[in-house]
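Have a look at these structures, which come just after this line.
First chain A sits with chain B, and in the next complex the same chain sits with chain C.
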Partner chain A sequence: MDGVTLGGLVGILLSVVLVNNFVFQGFLGICPFLGVSRKIGTAFGMGCAVTFVITMAGAITWIIMHGVLEPIGARVFQDAKALNFLQYVAFIMVIASMVQLVEMYLKKFFPSLYTALGVYLPLITTNCAILGACLYIYMKPETAPFLNALVYAFGGGVGFMMAITIMAGIREHIRFSDVPKPLQGAGVTLLVAGILALAFTGFTGIGK
Partner chain B sequence: MPEETTNLQQFKSGILDNNPVLVQLLGMCPTLAVTNSVENALVMGAAATFVVVMSNLITSLLRNLIKPHVRILIFTLTIATFVTIADLALKAYVYDVSKQLGAFIPLIIVNCMIICRAEVVAIKSGVGKSLADAFGIGIGFTLALCILGVIREILGSGSITLPIWGPLFKFPAGYEPHAWVIMILPPGAFLTLGVVVGVVNFIRHRGEKGGA
Partner chain C sequence: MLEIVMAAVVLFGLTLIFATLLGIAKEKLRVEEDPRIGEVTEVLPAANCGGCGFAGCADFAKAVVEQRAKCDGCPVGGSETAAKVAEILGIEVVETAPFRPVIHCGARTADKLGVVPYEGVESCVEANIVGVTQACTYGCLGFGDCAEACTFDALHMIDGKPVVDYDKCTGCGACVKACPRDLIELIPFKQESMLVVACANKELAKAVRAVCKVGCIGCKMCQRLAGDVFAVDNNVARINYDNYTGDETEEVKKVLDKCPAEVLLYFGKPRLERVEEPVAEETAAS
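Let's look at the complex of A and B:
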């Protein structure tokens, strides 16, 4: 395939995990990042669920765009981008139904994994990291080949998992410190996230 | 209690007591991402207000037809439809801003603030109350975004510029503002929102001390 090289794939992975981390640089998935980062265990479980769903969603929406909407647009309307206005509705349908399917599949075949992730699976539909990743895959030229798109989506999930686990680790310690009352909860979490984001800006330039 | 609120109270609660961003902490992603300038904040606020008003209107009109187990899917599809309309309109009229907002216009679909209003208010209330609620929430969201936008743009760029009205704010001549670039970059968003949420909490709890 054109445009797929090992170096390119490693570059995409490094870039999306560290340099353009979804949480700290792209502001995607902030709601679960603030809501489910109280304990390391649950945060890690949420991260795993997101990584799983984001990779699947990235693959399926790539197929929908390049296998359904563009060919139909090109054949019927003589313009590959003619049906692009259906993109958002199609993507959110795919994500919502896929989360349901994944939930049923895990319940039937991997009950232990299902009970571990159970609570977080339905929440993932409204995690903007998933829809965001699918949209960015279509917008960026370097993720046009299928394999690159897959690595980008997977890397986005891993970056999210890393961010939420780091945050949970810090929050477990914050519980024992004397935080001023108005800042308790969301306030101090956002301030810590700001400092972490500051640290992550240090990765700028890697992989270029 | 919530049944007895008038439309006006419902409208006001969205702006002050139940402000979606500063009190309920919903819709964080666009809040952090687009507040690097006041102009982006205003456009984002207008688009989200349009979507929440239309989604509340449709949900409220259909509330007797929607079966409970498919309601989330119907909310999502309604919202996605109006987001597509808003996105095409923004691309047609304010192309530059829409390019800067990028993926965050389509990401209004998964903004939990809008689904939350459909679930909490529109599915059980009449059209009037749903619309009042949607306008309140939309204006509250825009206001919160503008507060953050003003702080970040003054600190980060040293001035506020809107293309329609020209420069709104400038430091007096002779004073060269030290542009604090980090406030426009992602870390500044987290730090500003953290401080603003802290200030809002401080004000709210100071008021409560007398009563409770």
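Let's look at the complex of A and C:
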């Protein structure tokens, strides 16, 4: 396959984890980022679940785009992009199915994590980081090869996991700090998120 | 037109694939769940108040079925729910008294001595930190943290002291946690109304008299007259609710007559003419 080099893959991974982190630079997936970042254990579990879903969804949507929608568009309408309007519906369906799968899996093998994640587990369906990753994969020229797309999606999940785990670590400590009353709860959490995002701009320039 | 048809065909195909996939996964990853858990959840009040100590009604249902909790563990549903739960589980339920809060301070605004004008935050927790709003350091501060904590609108501040509306109260215990002076206690209401020592002051008689008109002076009269029901510990009388049945026995009647302070109050639904009325008013003057 052309376009796949080890350097390129590492570049994509670094880029999506550190530089163009979905949470800090893209403002995607903020809802679970703030909602489930109270305990490190739960946050890490959520990160793992999202990483799994995002990787699977990225791979399957790539196959759907390049194996179903584009060929049909090209053959029936003589235009590869003719069925692109189906992207959103098809992608959301893929993501929803993957989430169902993860939910069943967790319920069977990690019931404690299943209860801890609670309502946020089905809400992965609407996690915009996942749909964002799938749409980006199709939009960006460097993720056109399957392997690149896979690494991009996986990196997005790892980036999300890292972000939410860091956030949970900080929030566990904030509980013991003397936060001014008006800022307690959501206020200080959003401040921390902003400062974290600011700190991550320091990675700008690494990779691409 | 062709586009619409193609879109329908493509989506139908994709849906079919994923539906099959999920169908297989559902069979492979099936979790054996006791059907009784769902049935028990149905009969619970669905208040999700956490009064039982579990995270919501569904969690409690699971605990009951797994025998980690008793079938009468739901404070909101009471004996009615307990009976339904027991029926589902096929066990007998033993009738137990519902636990309801009582307040170990009966001082009305006029009874409190040494009350200082307080212009701080209107909250018991804050006032308790300041500690100088009134002379009694054990009694109710009267800012109504407990009334605010009550989600069932069953606790109201009347004349400077909290009054429980036992028709609305579910015994969830939110008020118990809210009181910074630990004055509220959940006791088993074996009868419609129960006798309560409405004082928590651990000082000696003289010090109590100096801060409150209706405080328990720890004279041990009640302990002498009915030792198995009353006990004076740390200069304040306490009722042993294991032995006290709620009946007004001869012994208890004698105590009510002899108690020199106005601390023995009936909490709960009206009983004769003595509801919330300080007992033995004549002797209190002495």
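Here, the second predicted complex is superposed on the first by the 188 of 208 C-alpha atoms of A that agree within 3 Å, B and C clash if a C-alpha of one lies under 4 Å from a C-alpha of the other, contacts with A are read in each partner's own complex, and residues count from 1 in each chain.
Note that in this section a contact is a pair of C-beta atoms (placed from the backbone, for glycine too) under 8 Å apart; a residue touches a chain by one contact, two chains touch by 3 or more.
Because the structure is predicted, anything quoted here is derived from the model rather than measured.
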item: Contacts of A:197 with chain B and chain C, given as first, second, both or neither; value: first
item: Superposition-derived comparison: chain B or chain C, residues of chain A touched; value: B
item: First (chain B), second (chain C), both or neither touched by A:68; value: second
item: First, second, both or neither for A:89, with chain B first and chain C second; value: both
item: Touched partner set for A:139, first chain B, second chain C, both or neither; value: first
item: Touching partner for A:101 - first (chain B), second (chain C), both, neither; value: second
item: Partner chain(s) touched by A:170 [first = chain B, second = chain C, both, neither]; value: neither
item: Which of chain B and chain C A:76 touches, first, second, both or neither; value: second
item: Touching partner for A:30 - first (chain B), second (chain C), both, neither; value: first
item: Footprint overlap on chain A, where chain B in one structure and chain C in the other make contact; value: 85, 89, 93
item: Touching residues (chain side chain C, partner chain A) in the complex; value: 2-3, 6-7, 10-11, 13-15, 18, 21-22, 25-26, 29-31, 55, 59
item: Chain C partner contacts - residues on chain A that touch it in the complex; value: 64, 68-69, 72, 76-77, 82-83, 85-86, 89-90, 93-94, 97, 100-101, 104-105, 107-108, 115
item: Chain B residues touching chain A - in the complex, by the definition given at the top; value: 25-26, 28-30, 32-33, 72-73, 76-77, 80-81, 83-84, 87-88, 102-103, 106-107, 109-112, 115, 182, 185-191, 193-195, 197-199, 201-202, 205
item: Chain A residues touching chain B - in the complex, by the definition given at the top; value: 24-31, 34, 85, 87-89, 92-93, 96, 125-128, 130-132, 135-136, 139, 180-183, 186-191, 193-195, 197-198, 201
